Amino acid sequence: MKKIEAVIREEQLPLVRKALEDVGYPGITISQVRGHGRQKGVTQTWRGREFTVDLLNKAKLELIVGDADAQRIAQTIAENARTGAVGDGKIWISNIETIIRVRTGETGDVAI
Amino acid sequence: MLRRMFQLRRLFAVCAGIFLAMAFISTVGAQEEPFDAAAAVEDLTAGLDQAWLMIAAFLVFFMQLGFAMVESGFVRSKNTTNILMKNVLDACIGGLAFFAIGFPLAYGLSGAESNKLFGDGNFFLDGFSDYATWLFQFAFAATAATIVSGAMAERTKFSAYLIYTFFISALIYPIVVHWAWDGNGWLSAFAEDPIGTNGYIDFAGSGVVHMVGGFAGLVGAIMVGPRIGKFTGGKINVIPGHSIALGTLGMFVLWVGWYGFNPGSTLALSGGFAALAAKVAVTTTLAACAGGVTATLVSKARSGVYDMGLTINGILGGLVGITAPCATVEPWAAIVIGAVASAVVMAGIELLDRIHVDDPVGAVSVHAFAGLWGVLSVGLFSSQNGIGTAYAETDQYGLLVGGGVEQLGIQALGAGAIILWTVATSAILFGGIKLIMGLRVDEQEELMGLDIGEHGMPAYSFGDVLGLESPGSAPGAVPAARLAGASHPAGPAQ
Amino acid sequence: MLRRMFQLRRLFAVCAGIFLAMAFISTVGAQEEPFDAAAAVEDLTAGLDQAWLMIAAFLVFFMQLGFAMVESGFVRSKNTTNILMKNVLDACIGGLAFFAIGFPLAYGLSGAESNKLFGDGNFFLDGFSDYATWLFQFAFAATAATIVSGAMAERTKFSAYLIYTFFISALIYPIVVHWAWDGNGWLSAFAEDPIGTNGYIDFAGSGVVHMVGGFAGLVGAIMVGPRIGKFTGGKINVIPGHSIALGTLGMFVLWVGWYGFNPGSTLALSGGFAALAAKVAVTTTLAACAGGVTATLVSKARSGVYDMGLTINGILGGLVGITAPCATVEPWAAIVIGAVASAVVMAGIELLDRIHVDDPVGAVSVHAFAGLWGVLSVGLFSSQNGIGTAYAETDQYGLLVGGGVEQLGIQALGAGAIILWTVATSAILFGGIKLIMGLRVDEQEELMGLDIGEHGMPAYSFGDVLGLESPGSAPGAVPAARLAGASHPAGPAQ
Amino acid sequence: MLRRMFQLRRLFAVCAGIFLAMAFISTVGAQEEPFDAAAAVEDLTAGLDQAWLMIAAFLVFFMQLGFAMVESGFVRSKNTTNILMKNVLDACIGGLAFFAIGFPLAYGLSGAESNKLFGDGNFFLDGFSDYATWLFQFAFAATAATIVSGAMAERTKFSAYLIYTFFISALIYPIVVHWAWDGNGWLSAFAEDPIGTNGYIDFAGSGVVHMVGGFAGLVGAIMVGPRIGKFTGGKINVIPGHSIALGTLGMFVLWVGWYGFNPGSTLALSGGFAALAAKVAVTTTLAACAGGVTATLVSKARSGVYDMGLTINGILGGLVGITAPCATVEPWAAIVIGAVASAVVMAGIELLDRIHVDDPVGAVSVHAFAGLWGVLSVGLFSSQNGIGTAYAETDQYGLLVGGGVEQLGIQALGAGAIILWTVATSAILFGGIKLIMGLRVDEQEELMGLDIGEHGMPAYSFGDVLGLESPGSAPGAVPAARLAGASHPAGPAQ
Amino acid sequence: MKKIEAVIREEQLPLVRKALEDVGYPGITISQVRGHGRQKGVTQTWRGREFTVDLLNKAKLELIVGDADAQRIAQTIAENARTGAVGDGKIWISNIETIIRVRTGETGDVAI
Amino acid sequence: MKKIEAVIREEQLPLVRKALEDVGYPGITISQVRGHGRQKGVTQTWRGREFTVDLLNKAKLELIVGDADAQRIAQTIAENARTGAVGDGKIWISNIETIIRVRTGETGDVAI
């Protein structure tokens, strides 16, 4: 099994989720994070003074998927999260050794 | 009748007050002069009546906070600063506009008279010194203006909104006031020779204030279009607000403010008006209660939960509904009017969804539709005694309590005139703005939220430490983009 | 004494007002008639006094917001919508119930009289036209009702609460009002032949309002049982509230509202009552200040921090404590009463924890216990001059200022009667509800929060974008569960 | 002139009120005595005037909530409880201090007189029974005190702040009141023989209240030093507040409260004062509107966004600016004064940043700088008619409207005296506190937030379930540290 | 060393934490996430209109544990997070190469 | 590629970020978490009663870095997050198989 982690723009999330539904996926866990890569932050203004916020809100997606599906699902995310401007985010994949479905106690691919 | 007489007395009282102040100064020196009871009573009367008007104005102005809180609670957190600032600027721009142009168009007198359609004097309060009256009327104007921001929330350009708010306070609303409340207005119940027997009766403004705000909001909501994601392929989606706590706070503030709005519309306490004001406070209370209970029970029956958002809207609907008839109906009728108003609001919300008009906070249903109901209910429920005390001895009163159909007809006429005027002027205004500068923020800004796009700041920031390190922009620093992506549409890869 | 006389005058003044309004209409036409000073003064007096009553009522009604905010700030965010909606429905249902039944049982007159135990006339305000009085009394009734929601917060069924709130506004509270404040009540200081020398003195209702709400809350909190996790195996756990900002907001609103509650209880300004109202405002202020300072210093000494929650409770305790004696004690005594009330509140919170009664917001300590202290303090600190000005010339006044023990005894009797009645009727009411429909939500709902379970919506939603995609339930969509797990208790594995 | 006479009348009226209450009691028995119009009018006058003073006091006290909300909205969430509690204790400690010492130093009379520099009698209100006056003055004192908390927010020790707040209410503010408003004060426009022609004119206290609070805040902000991270190596960093919603809420509450502050400063309605109060309400409104519009437009021009924080500060600046001249200038001048005040506030914020003084909420710019502008604007814009109505017939009035330079000179003198006194006493006070106990929390506490360090609780807790399991500290449990790291500086590795 | 990641119902957290204390564990990091797997969301109501929220709040637990303890601790979590209804969550285990205790700079098993 | 995950005190974050900027790093993702290890919680007070909060707020950092940089960057974080008192946190490193830059679709080391 693989774990796909994707950090994307919050506002692309609806699109990505729709695309995932179309290709099918076993489940997803999402959290709010902040970060920056090449993107250099945005300017905000507080009582007359401008300042740079260099950690921007992003959505982090985690999906545990079977080995066979990993590449396809990662591609789906990448394509739908893309706007072409800096700040689009990163996706990375790592290996998972065991998975347990809490409800049933099942483990292995059937538990994904 | 009481009110009609009152208009004349007001000016007299204010002058008397000023005269008395002078008189007083001289008499204080010679304390032992004979006591002039008539002068003293005149002074006290002016004091008491002006105090009532001022205190009522303070309460009505307090409603600005109520609107700001209800509207911000009912939108998403990313548009909170925006809706708050619209509410604040409503009051500020509205105040200046109403001072310069609005009040003169509503009540201004050039020479000794205005005409049936608009006032035409006292621009910039020139030659006008009844300040308590201006204050009270200003607070009403601010209310009418602020209603629209809710209906157009979460996607309207700030600059466009500022222009609109100037015109509603300077023109659209004041003309309706002149028609319905000025002694020369063609609809006015205070005219020498009113239309029909009694003229158009709208005690505190279900029509004059709330329908104007509500129908302007309806036009605005249609012209600016629904928020992204509200209606997708024929499906009605739900975009919940971000804080029921703010919504409830706002509702209670509005309820309290309404005690200035309705009872304050007696404009005086002397001459027996205190008893009328108290009755108005009671009908106002009962209608609000009935509106709340109705929404709670209906929502429970319809969707199985006690729906707080609808209950807030229902109470406000009850308050809007009773605003026209508050002085002329009996307490039992106030309960009926409030309950029906609440039902009208719920039906209105459903209807607007169905016809794909997006009103994020329910402003159109609460103010336009329940306001219309309120205007009509005057013709249905006003008791003979009620109209007699507040206006004139008459045999034309509520249809359902045996007073004939005439008053209902006049109410319908008045409502129709208000709708026509408001819809026409709003359509021209919003149409013009749309043509010249656009009504709506761009899509990227709408998705990111207007707080960032228009105001450069999110409304909330709860994670202190994580934000601490943000450095201020030193002069000469690389200019960063306002919107994370908008300003680099497919910008060069680095 | 002043107040006793006042009761009679009130009716007279209102009638005079109506009469004058008529007179006024005719005189305006013939402006030059001789000036009738007596009639004009009567009119102004009615206007001034009714305005005072109305403005005080607006302020007391404003306290609804204060209660809603303090209570919601002191509960967890998952139960915020629920407590807010309970506060809103208190006002709405209370208004209708008090209109139909409550006020009649408190002050209603059938024929010319009621009896010592309950009023019996003017149902649905039939034949009653002193609207300012109704409004003021309604605002008080809503206060009594709203206290209970705090003590039973975070676990009480909404439907059960609605039933309770109807009965406290319609029955439990009005009867106590009749006993203590109606001219015919058996405890009343305004009775022809009051119990003891002065009768039971409770100027603005430490007993009549706050003890009724507080003890009903105590019974409710006991019968509904503690929240899950509050007491585990003899250990007292802490469940902090979710917003000190809302709590502080509510406290300040309550403080401001109390300026209607206590000074407004003079019921008039004319006849020298304005000076009394001002004195009451001062004692009220000083007691609140003393309550706040006491809680701050004691909490610092006890736990090493300046405890904001206790300070809020301490200020409210000071306000509740001074409510009964506000008119009859001197400023220095107000400080003592406020400080002791604050200590009583802190001791009460400790005590309830020890005996495993779970009162999430401290309502019982603030209203029942500090209220009891307030009632007794009348018998301890009332000055001869104080009772003389507000009630009657007497040699029975505060024990600690040399006035003998009789008044303290009567206060204890009154407090005992109120406790007995309130506890008995509340126990029957909550017992009945528990038997028939249950008082408490089920465990799963309590864990998930009542906002989701009862109202279908969390109170807050700060992550806009993450929530945007939620589609509206298209007709025919698969029905989803209201609670994530509750509706599938060990449902079929898929 | 009106006001000067009024001071004497006030005492008389109160005494008359008490007398009348007595008279009333006896006459009620014998209802048919001849009607004494003079006595009745005297009673009504006292009632009306005291009611005005009380209602104004309630509104001014309401400003405590406004300050608490603006200040908490403008600081980070980790210091929210702290700033709220400082605001609450301002009111509580201020109330007791002003009762015991402050009011006596301001207005107290020993024997029949005080001196030009301070009052010296009526300590603990001994021998003083004009309670409405005390209440009104207390609310003002609480305002002056509360301003400072904002300027020193997010790093000042709570205990140090409590000491300061006692002294400003007991000493620093009352002395200025005596100088400027007491009939014996050396600057007072109400003195027998005032300085210059009219004396120092500060109708509602731009100088007496706002400059005192603002300059004390400036001294405090300098002496406590900037927050960690505000200025790093010559760079000005930005530390945004945590809630625009609370900021807006507070601003609207302050605006409403200002309707007590300024119009209430007529101190009466009778004798023609009602018309003056109404005029004051209008100038106040227009200045606030102009302040808001100015800040909005300037911020848009300067930084490209509609800056809500500046708009809030701008409106408050407009209100502070109009506070001194509200009674003596014409409406058009109020607009100019409000607009300039708003510009002064924005320039002040910029200036303080440049000279590295850290004022987290803009209190110094709003209250000290706009207050100073307000005081001077009296000498620039007061119309002859305006000064004549509110003070005395005179040929010394506003320089820019042709009244000569004298009044401007006296205003500058008054402002200078207030600044000198406030800065000197504040410097001694804060210097002493710094020496003896320290003004500032330690670095670790500042980083973690004062809510945890001083009050043992964060202000907010939105993640209910995750917090649920926290067990109460069973007796004998291992004592845990208050701050996560502070108490184990390099503690033993485990 | 292993990293155990568990996504469970928020309301089961107290139970799970108590059980973990009983069996012993070196430390834990918890965050709030939203997600869905087989669970199809809940219905909410906003001003009269029902809608489905298909991302539900969950608690995510992360524990770095020694190789020997991983299985036992994962089982403990699974058993105590179980209600038997859909939505109980998932647990997955992956490999960790290095661990550093910040306070001391220690690395390896002793730093867990 | 490696993933560095660090759980540190929130108040050390500015220092750590400054140090990271000095040594250079490709990007970072930050989230708010709660946790405890050896640290036994802090005492808070609610309306007169003290209680122990045993889950403390921490900042969690995630950085995807090249194999060569992992050790150096982890050390930088450790040194700057250190106060020497319990509660300083943990850093752990695991292996990443693939990384995708969403904007361009690039994968591998160039996408980090």
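As written, the chain order gives the labels A, B, C, D, E and F, with residue 1 at the start of each chain.
Note that a contact is a pair of C-beta atoms (placed from the backbone, for glycine too) under 8 Å apart; a residue touches a chain by one contact, two chains touch by 3 or more.
Owing to the predicted nature of the structure, the values given are computational and were not obtained by experimental measurement.
S.K.: Which chains sit in contact with both members of the pair subunit B and subunit F?
M.R.: Looking at subunit F and subunit B together, the chains touching each of them are A, C, D, E.
S.K.: Smallest number of touch links from subunit B to reach subunit D?
M.R.: Tracing touching chains, the least step count from subunit B to subunit D comes to 1.
S.K.: Could you let me know which interface, B-E or D-F, is made of more C-beta pairs in contact?
M.R.: Here the pair linked by more C-beta pairs in contact is D-F.
S.K.: Same or different, please, for the subunit B to subunit C contact, judged on whether over half of the interface numbers appear on both copies.
M.R.: Different-residue interface.
S.K.: Roughly how far is subunit A from subunit B, going centre to centre by Cα mean, in whole Å?
M.R.: 46
S.K.: Rounded to the nearest whole Å, what is the centre-to-centre distance of subunit D and subunit E, using the mean of the C-alpha atoms as each centre?
M.R.: The answer is 52 Å.
S.K.: If you average the Cα atoms of subunit A and of subunit E to get two centres, how far apart are those centres in Å?
M.R.: 18
S.K.: Residue numbers in subunit C touching 2 or more other chains?
M.R.: 37, 41, 44, 48, 51, 55, 229, 236-241, 243, 249, 303, 305, 307, 309, 447, 455-457, 460, 462, 465-472, 482, 493
S.K.: Scan subunit F for residues touching two or more other chains and write them down.
M.R.: In subunit F, the residues touching two or more other chains are 11, 14, 30-32, 34, 38, 44-46, 49-51, 55, 83-87, 94-95, 103.
S.K.: Of all residues in subunit B, which touch subunit E in the complex?
M.R.: 74, 236-241, 299, 302-303, 305, 307, 309-310, 313, 346, 349-350, 353, 362
S.K.: Show which residues of subunit C lie in contact with subunit D when the two form their complex.
M.R.: Listed in rising order, the residues are 1-2, 5, 9, 37-38, 41, 44-45, 48, 51-52, 55, 59, 76-78, 229, 232, 235-245, 248-249, 251-253, 255-256, 259, 263, 269-279, 281-282, 285-286, 288-293, 296, 303-309, 311-312, 315, 331-332, 335, 389, 447, 449, 460, 462.
S.K.: Can you tell me which positions in subunit E touch subunit A when the two form their complex?
M.R.: Within the complex, subunit E touches subunit A at residues 2, 6-8, 31-38, 55, 58, 60, 74, 77-79, 81-95.
S.K.: Taking the touch rule as given, give the residues of subunit E at its contact with subunit C in the complex, in rising order.
M.R.: 9, 11, 14, 34, 38-46, 49-56, 83-87
S.K.: Tell me, which parts of subunit F touch subunit A in their complex?
M.R.: Residues 1, 3, 26-31, 64, 94-103, 105, 111-112.
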